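Some structures are shown below for you to check.
In the two complexes below, subunit A is the common chain; its partner is subunit B in one and subunit C in the other.
The block that comes next holds the complex of A and B.
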């Protein structure tokens, strides 16, 4: 019976692919059903994920001596409180919206505000002129950077050219490669050559 | 003929027809390349520093007893970024194979719940095949922060994941940080945390807008499609070597097509 998971995966994959290509009522119905099943499976996976999360953090709390046991306790307590609010008041509800609007969203914004500082240190490391490649990158970055300001008008045109010609060409090259890589991976899965789901 | 054309026109859109044509061209090339590799054709693989460095990590992992951290990205399986997750799973398979025989199992983190059972399954399978099934620990693959909106979006909110991964990179003793898969801006936060901590970092993504962050923070970067080559470079799988060969042939055809169209347009023939 080891062939069964592979057969199911290939059949479902082929039907979904055909549903993308062809507008036929039977394929449409099957495609919708498969997409609904995916949502149900994702819900189960989320449940497994929560169990995994609690397993890791409760284990750490029980072992106590680990440095981050306090943070793990905080994760378990927070998860319990938020789950309790969700189960008691339902989703969406005013208390849950309050939690998201007043705790989660401000924390998220504050964290992403750190991006500017991380960007500065990363750029400093990347643009140190150590090799010919990084020197070249530094020169181009400076042209684009200075070209953004009204100080040197001539650099604005160079900046435009850099962004529109070599940068766009590079990105398109990468995208073609990614598309081919994605297609090859998808076909290997569809043909059953790659089976990350079975022995 | 008219009837056939109207049936074709009503069942397939122009965009879908283009995609189907591309697929029908690629499919025989893929079979041909696979057949060639299976019959013994060996094609030279250009050296990729990232995969070479990945092979060298395990001596250090065994020596220090510290694990390699692998991030599978912020997407799962079953969406349009599944290929990126599968690419990361190939790297996981390699790391798990080495980890199972050297008692230095990788520490895997992920952001999308659908990737968790697959990652755990890869680990379990490799441990069983290596004859050390009892050594398998399901918590070596960790969902750092489940996102309640993962049903509606292929890329979950990566903020909680990035926070968890940054803490892990700075607090846990690690040999190296490997980040392969689909990422967004959070790549910079995690990559920079690892870089500031002095970790050896190997990473790559298929998202062009994230590649500057990859280049700036990783010791060895994988650019775009290179992330899909893990199975060929690390696991030496026939199917992966074949598909790599097929991709090169197809790329050649596409480049020739682009040049041809540019020439025809320039000469006013199209």
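The block that comes next holds the complex of A and C.
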């Protein structure tokens, strides 16, 4: 009976793929049903992620010898409080909005803002013309920095060219590579060569 | 199946105990091996299963003059050999120790020193056996012996049970039954009835030596004299003598040779010429013969001479179930009384009187003194649990078993054994992960780092006080942001626009500025804005941005001009489903949890043909990529995007491919859009701060390279 999961996976994959290329009522109905199931499974995956997160941190709290037990305890307590508020007052409510706007958003923004200082020290240390490659990287970084600075607008066109031509070329190459890899993986799944669902 | 003799339960074959009542199914009618517990026949010297010795070697070699008696189980004859040694020892009863030892007749030394010689003599051919004593001499000794035995017989009569009086026929029948039952267990010399005849050698010739010594002539009646019979108590008058005096024709023929054995007369001293030379030194003196005979318990003297060397398993009283004692051999049944210490043998183990007579080839046959057994007992384990707790070596163990031992190393037959050992040793070796030692910062470095942070902070704060200095030269013409502005500007009134807030609070610093400017512009254009998000935190952000924009624009209401549909689950699948089905009427909004059909201004949103524009606000390139892959090819709707500066390179690829109708990126894009929509605000001021911070970073890069080059040149110069 090991062929059954493989057959189901191949059938579902082919139906979804054909639904993308052809506009047929039957394929549309089947594709909609399969996607609905996928959305439900994704929601359960999110729930499993939350449970796993709590398990890991509760385990660290139980094993008090770990240094991160205090932070784990804070995570568990915070998650419990926020979950309780959300369940009690509902998600679009004043308490939840207050928690989000006054705790969650400032903390994450501040954490993200610290990158500017780390970037400054890293730029001082890392961007050095040691070799030819690092010299090219140093030059490009200086052009982009200068080009996006309104005070030094003389290099704005050069910046636009760098972003539109070399950078876009590199990004397209990356996207095409990702697309080819995705197609290869999809083909292996559709042909039954890879069966991660039955292992 | 084995039926339990106690409760009748049927048990499986091979069961030793009843599964119902626990009674022993295998009767211990023999010797139980002390090593493996296997019941053995009484005739076995070694265990039939494990080969362990059942009869102790010391008892056979040191303690008894006679060869090891054959235990006869179930034979109810009064002639059990193991019970008769006292009769043999009567004439050689231990004399008073105070008397000087007489070299001729001292029995104990002969018993203790030359028992191995006795065994050798027992192997002498029958024709060379000593002559049987004559009957008249026996008859002359019996009255005196009977008289001297009166006292201890009288004591025994007071305690011994009175035997039941039976007729001679009944006694013969019972004797025959008992013999029939146990006949198969009898040795050969007892199994086949021997008819005495003149041509055959007497049965006594096949008996042990002690039997030959005491066996009277067959024609001699072993009738005690009347004087002795009168002094014997009544209970002794009836049983055995009656049986012994039964006429020969009344008893079975096979029983006749046994009669001579059952009736053991007292030993009769032989004449000087009848005594062989090797027995002459053993002849007791007249005083010793006249000494009173002490009653001797069965088995007494059996272990004489080895008491000090007896192992613990012989001295300790084993635990026996009630009734099991009768199945034990006689030499184990009753602990023998402690005999008097025998005379010490010579260092060579041969009595002095025999040292000159024993040839060397006989001396070479002397068995080696068993000294290993006491050592085993000394090293035996002490039981610590169970009913045997506190006893040592109740179950005798060989020394090699009792001592801790180690298995010999296995031969390296496996060719991978060496590799396996090497692998195990590698695994057992504690691995210390290479810890990247943090370079200890010097004081100068700390100061320099603090100086960098201070300068950067000052550069960020300064534009807030001088906004025009930094934003005066912001360029907007010909940028992707201008294309985005033009797209929104071209929307008709009441156009349905879907705005996806796909960024989290980490990108709020630049993305909120874009969203605020864009949503304000949409509301100013009187577009109907439908917000959703593929991130869990997106709906909250969208609600806040929409409310702020509505307050800024005015005359905009939730449900009328804008609507928040909340979280769109499923990632790529959810977007693919959105592209396939549109906004489902049953989809509920985020604030009031009402279905989309309840909002008239947005009831036609389920059809993509009614959607004028899709605005994707992506904090990461992956969020934009999902929309561009799952939705943009399926719907004929313009898509514009506002992305973070980190996602700009990826977004520019879609912009260059004309998949995006407009694009604004980062803080600069937000500032450009504010300028284009004529709503200067925080984005423009923030761009000033970003510009000064960028200048500081450029200066640091240049400074760092200068320091690096100077230090490298200085090193080369040195």
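In this section, the second predicted complex is superposed on the first by the 163 of 199 C-alpha atoms of A that agree within 3 Å, B and C clash if a C-alpha of one lies under 4 Å from a C-alpha of the other, contacts with A are read in each partner's own complex, and residues count from 1 in each chain.
Here is the rule we go by: a residue touches a chain if its C-beta (ideal position, glycine included) is under 8 Å from a C-beta of that chain, and two chains touch if they have at least 3 such contacts.
Computed from a predicted model, the values in this text were never measured in an experiment.
Enquirer: Give one of first, second, both or neither to describe whether A:181 is in contact with subunit B, with subunit C, with both, or with none.
Expert: first
Enquirer: Taking the superposition as given, does A:2 touch the first partner, subunit B, the second, subunit C, both, or neither?
Expert: neither
Enquirer: Between subunit B and subunit C, whom does A:67 touch in the aligned arrangement: first, second, both, or neither?
Expert: Once the two structures are laid over each other on A, A:67 reaches subunit B alone.
Enquirer: Return first, second, both or neither, reflecting whether A:111 touches subunit B, subunit C, both chains, or no partner chain.
Expert: It touches subunit B and subunit C both.
Enquirer: Applying the document's definition of touch, where does A:171 land relative to subunit B and subunit C: first, second, both, or neither?
Expert: both
Enquirer: With both complexes superposed on chain A, which partner does A:24 reach: first (subunit B), second (subunit C), both or neither?
Expert: Touch status of A:24: first partner only.
Enquirer: List the residues of subunit A that touch subunit B in one complex and subunit C in the other.
Expert: 38-39, 42-43, 46, 107-108, 111-112, 119, 121, 123, 125, 171, 175
Enquirer: Spell out the part of subunit A that touches subunit C in their complex, as residue ranges.
Expert: Residues in contact with subunit C: 28, 31-32, 35-36, 38-39, 42-43, 46, 91-92, 96-97, 100-101, 104-105, 107-109, 111-113, 116-117, 119-121, 123-125, 127-130, 138, 141-142, 145-146, 148-153, 156, 160, 163-164, 167-168, 170-172, 175.
Enquirer: Quick one: which bits of subunit A touch subunit B in the complex? Just the residue numbers, please.
Expert: Touching subunit B from subunit A are residues 20-24, 38-39, 41-43, 45-46, 48-50, 52-53, 55-56, 59, 67-68, 71, 107-108, 111-112, 114-115, 118-119, 121-123, 125-126, 171, 174-178, 180-189, 193-194, 196-197, 199.
Enquirer: Tell me, which parts of subunit C touch subunit A in their complex?
Expert: 449, 452-453, 456, 460, 469-475, 479, 504-509, 536-537, 539-540, 543-544, 569-571, 573-574, 576-577, 580-581, 590-591, 625, 648-650, 652-653, 656, 666, 668, 687-688, 690-698, 700-701, 703-705, 708-709
Enquirer: How about subunit B: which of its residues touch subunit A in the complex?
Expert: Touch list, subunit B to subunit A: 10-13, 16, 19-20, 22-23, 26-27, 30, 34, 76, 78, 82-84, 86-87, 89, 113-114, 116-118, 121-122, 125, 138-139, 141-146, 148, 150-151, 157, 159, 162-163, 167, 171, 185, 188-189, 191-192, 195-196, 206, 208, 211-213, 215-217, 223-225, 227-229, 231, 239-240, 243-244, 246-247, 250-251, 254.
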